[in-house]
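Chain IDs A, B, C and D follow the sequence of writing; residue 1 opens each chain.
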Amino acid sequence: MIEIRFHGRGGQGAVTAAKILAKAAFYDGKYSQGFPFFGVERRGAPVMAFTRIDDKKIVIRSQVYNPDYVVVLDPTLLDAVNVVEGLKEDGVVVVNTTKEELDLGFKTYTIDATGIALDILGVPIVNTTILGAFAGATKLISLESLKRAILDTFKGKLGEKNAKAAEVAYRMISEN
Amino acid sequence: MEKIDVITGTTAAAIGAKLANVEVIAAYPITPQSECVEVLAKFIADGEFDAEYIKVESEHSAMAACIGASATGVRTFTATASQGLALMHEMLYIASGMRLPIVMLNTNRALSAPINIWCDHQDSITERDTGWIQIYAKDNQETLDSIIQAYRIAEDEDILLPVMVCIDGFILTHTVEPVSIPDEKKVRDYLGIYEPKHAYLDPDRPITQGPVGVPECYMETRKHIWDAMERAKKVIKRVNEEYYEIFNRRYGNGLVEGYNLENADTVLVAMGSVCGTIRYVIDKLKEKGKNVGLLRIRTYRPFPKEEIKEMLEGVENVGVLDRNVSFGFNMGALGTEMLATLRDKKICNYIVGLGGRDITPSNIEEIIRHLEKCEDVETKWIGLKE
Amino acid sequence: MVTIGAIIYEPGSTVRNKTGSWRTFRPVLNSEKCIKCEICYIFCPEGAIYEDEKGNFKINYDYCKGCLICSKECPTNAITRIREEK
Amino acid sequence: MDKRFPREELFAPGHRGCAGCGASILVRMALKAAGRDVIVVNSTGCLEVFTTPYPETAWRVPWIHTAFECGGAVAAGIERAIKALKKRGKFKDRKITVMPIIGDGGTADIGLQALSGALERGHDMVYIMYDNEAYMNTGVQRSSATPLFASATTAPPGKRSKGEDRPKKDMPMIAAAHGIPYVATACISYPEDLMKKVKKACEIEGPTFIHVLQPCTVGWGYNPEDTIKIGRLAVETGFFPLYEIEHGEFRITYRPPKRKPLKEYIRMQKRYRHLTDEDIEILQKYVDERCKLLGLE
């Protein structure tokens, strides 16, 4: 079983990201769970969300304490919370940042998801973009399934734009 | 054709209500139930579902409106949690007393004070004696299936009792996972249209519903409910099998579900989503050659005494997990009832997961370790901070 | 046998309960003075005043509780009252 | 000759109401006006208790009672169920009137929230508040409809009390504030006016509210034969003006030729017997002011 933790700020779509990832994994033929950290956070506050992926039915219902992957949607969170807390020793981090390199003590991928999102979506909502980067970096889910899950979540033109943002990020990180 | 979608427990319940073709919905939003009524509102707004949706001003009115609608002879649905369920309390007795087959989703949440929006079972356990059938689902699939089954059970002429489908707040309500959605036509064929024979408000056949229950009749009305609850055990089992025949899914025998019970000396008894985490731990222990079983209570009312006795025969260590407490008796409700059911056994009762306190695999392991050492009836709080 | 849900299937079944026994005073309607204004008919809390086939108003003493509203409201004093003797 | 009042009795005799009960008179009139296609909703109270002790019922129309505070919500559920049943072809081309008949306590106090919700949501119903100005079912405790200076068991007169210390809650105006199509007041002493209003309300689509004053022999303290007379005095003194508000338009429906002194009304009732002439003067002034406000000189 693989566990992924998303860090974002309320309103940035971290919960939606966790759910899209769960759906994409399902389209890849896996079992999955996607859920928020059950808090009372409002817009702007640091929030977490989780995805579990497995080849067999997932029955565990506790929260995630030792994730295999961490995805950071907002670079300012790096100063606010310990995003790598509990991360497994061989864990991987994907961070939205303009910096090319980050030393978090773990294998880390960086991507300027905000730049891509602004470019393609016109708004700094990075959840789909960073999912593209996550898929490209980890190859845990296919780009095709990710795009399908995104198109399920956002209807019409908005869906297409989001799928495109994910694809751009996917390719960018895969090429690096 | 069944279609699989990755959805939350609240969405699964809403889809269940839509598939069941409910005709009147009366509901008031409350965390963590809200998504259920939002999804239903959207179905109606989009023209996918032609139900009457009363956006009442309180949960008390939600249940009152469901009672009015059900008494007029239509299939009704509502959903609530916690304070909302508590506000309905008085009306719950009236729904069962009038023998109205209302189905309700309760998204389990702790009761105030202090205010807490997270999961425990205190809200629905508090309503255990209201004459409602209570089903506790373990995952989103079971949530959807149980809503459909609930109508079949509630509307059975031998039963005519309301049914509460309980799912763990946030843990199921806010978690997406793959859920197989039955074909609409198949469900509608299975359930048919609700056409009550015993009571419906109709000027062409004027009856009086909800009269003064004088001492000469009141006790009999209670005995009727008592008997219907007893019959419900059979009906729930039958519906579980019927459902399996048509939709290819079943949940134990409908009342209880065992896991790894064969040759298990130590068995945990629990309700709701924690059973998943227990299974997870059981599988891990099995790899290490340790045999622990799980007995999941699916219907807390009617309480499956006979089945429990049978399934726990020969088991030495019985640990009961309670996501609720009975202050003053200082046990959980399920623990107390297991003690009454298995009078000659050692029962250890564990108070866990109150107000959203996470129940982790290591909590479960701690329980098993304690249970194996424990020599007498004992209640222990697990996961309490020092 | 108590019905399921204590539902009462027989509309108007209180007719079995003869409330005439409650009376202390008995209203007596003098048909000759009656102008058929229907005042007593509409104000009777029991619906105990009825119109017979000939169009005359009568008091049904099975149900009349003897409130005497009819007597009080009758514009022609056609309804007098006598002490009930049992 | 035309009959003045319909002959069909949808409310059976043999009920356990007090001799001279005003609520029974109201129900007979309301059902004569509404006819058979009606579903009655009662909340807990006198009317519910004295008409339905199992296994007998006085009702010849479908009737339901659940609890005290939820008449509006139960009626809402029934109204929507009728809509749903119509989709199935039941009650074709028939207008079934949902008619909550609920006391002042169940309306103005404990049931106000459910009533407000039902009015605001626009359910098609004829809500009748039968007002006997206190909790008569439980022994004459004050409600928010109990008038100023009336005595009640929870507002008794005494050295430091003149009985109820607050004026009556203005329910029809509260109902009207919901912007519903029809609000009216009525009194059982004016049967034609009352029945006309009920009939009108039945025909109107949407929520309607009729506040009916209904004297109570036990709670108010008078001889049973005076039920109608006292109701008439309440109207003729201006204590309880009869009016309607139809689509926002206010209209007095009965204008007494000359308002009688309030004292005539007050002195007939034991619930006011502790009052001095000066106290009655205060009440008279209060009534005068309210009448002026409504354009009833």
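Simple rule for what comes next: a residue touches a chain if its C-beta (ideal position, glycine included) is under 8 Å from a C-beta of that chain, and two chains touch if they have at least 3 such contacts.
Note that this is a predicted model, so its numbers are computed, not measured.
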Per Cα centroids, the chain farthest from subunit C: A
Between the pairs C-D and B-C, the one where more C-beta pairs touch: C-D
Cα-centroid distance, subunit C relative to subunit D, in whole angstrom: 23
Averaged-CA centre spacing for the pair subunit C and subunit B, given as whole angstrom: 54
Whole-Å gap between the CA centroids of subunit A and subunit B: 34
Computed distance of Cα centres, subunit D from subunit B, in Å: 42
Residue list for subunit A, restricted to those that touch at least two other chains: none
Residue list for subunit B, restricted to those that touch at least two other chains: 98, 206-211, 213, 217
Where subunit C touches two or more other chains at once, by residue number: 2, 6, 8, 11
Chain-level touch network, classified as line, ring, star, complete or other: other
Chain pairs in mutual contact under the definition given at the outset: A-B, B-C, B-D, C-D
Contact footprint of subunit C on subunit D as seen in their complex: 1, 3-5, 7, 9, 11-22, 24-25, 28-29, 51-52, 54-61, 188, 191, 223-229
Sites on subunit B touched by subunit A in the complex: 4, 6, 117-118, 139, 168, 170-171, 174-178, 273-274, 276-277, 279-280, 356, 358-361
Subunit B partner contacts - residues on subunit C that touch it in the complex: 1-2, 4-9, 11
Touch list for subunit B against partner subunit C, complex: 97-100, 160, 198-199, 206-211, 213, 217, 220-221, 224
Parts of subunit B lying in touch with subunit D, wherever the complex brings them together: 23-24, 26, 50-52, 54-58, 60-62, 64-74, 76, 90-91, 94, 98, 193, 201-203, 205-214, 216-217
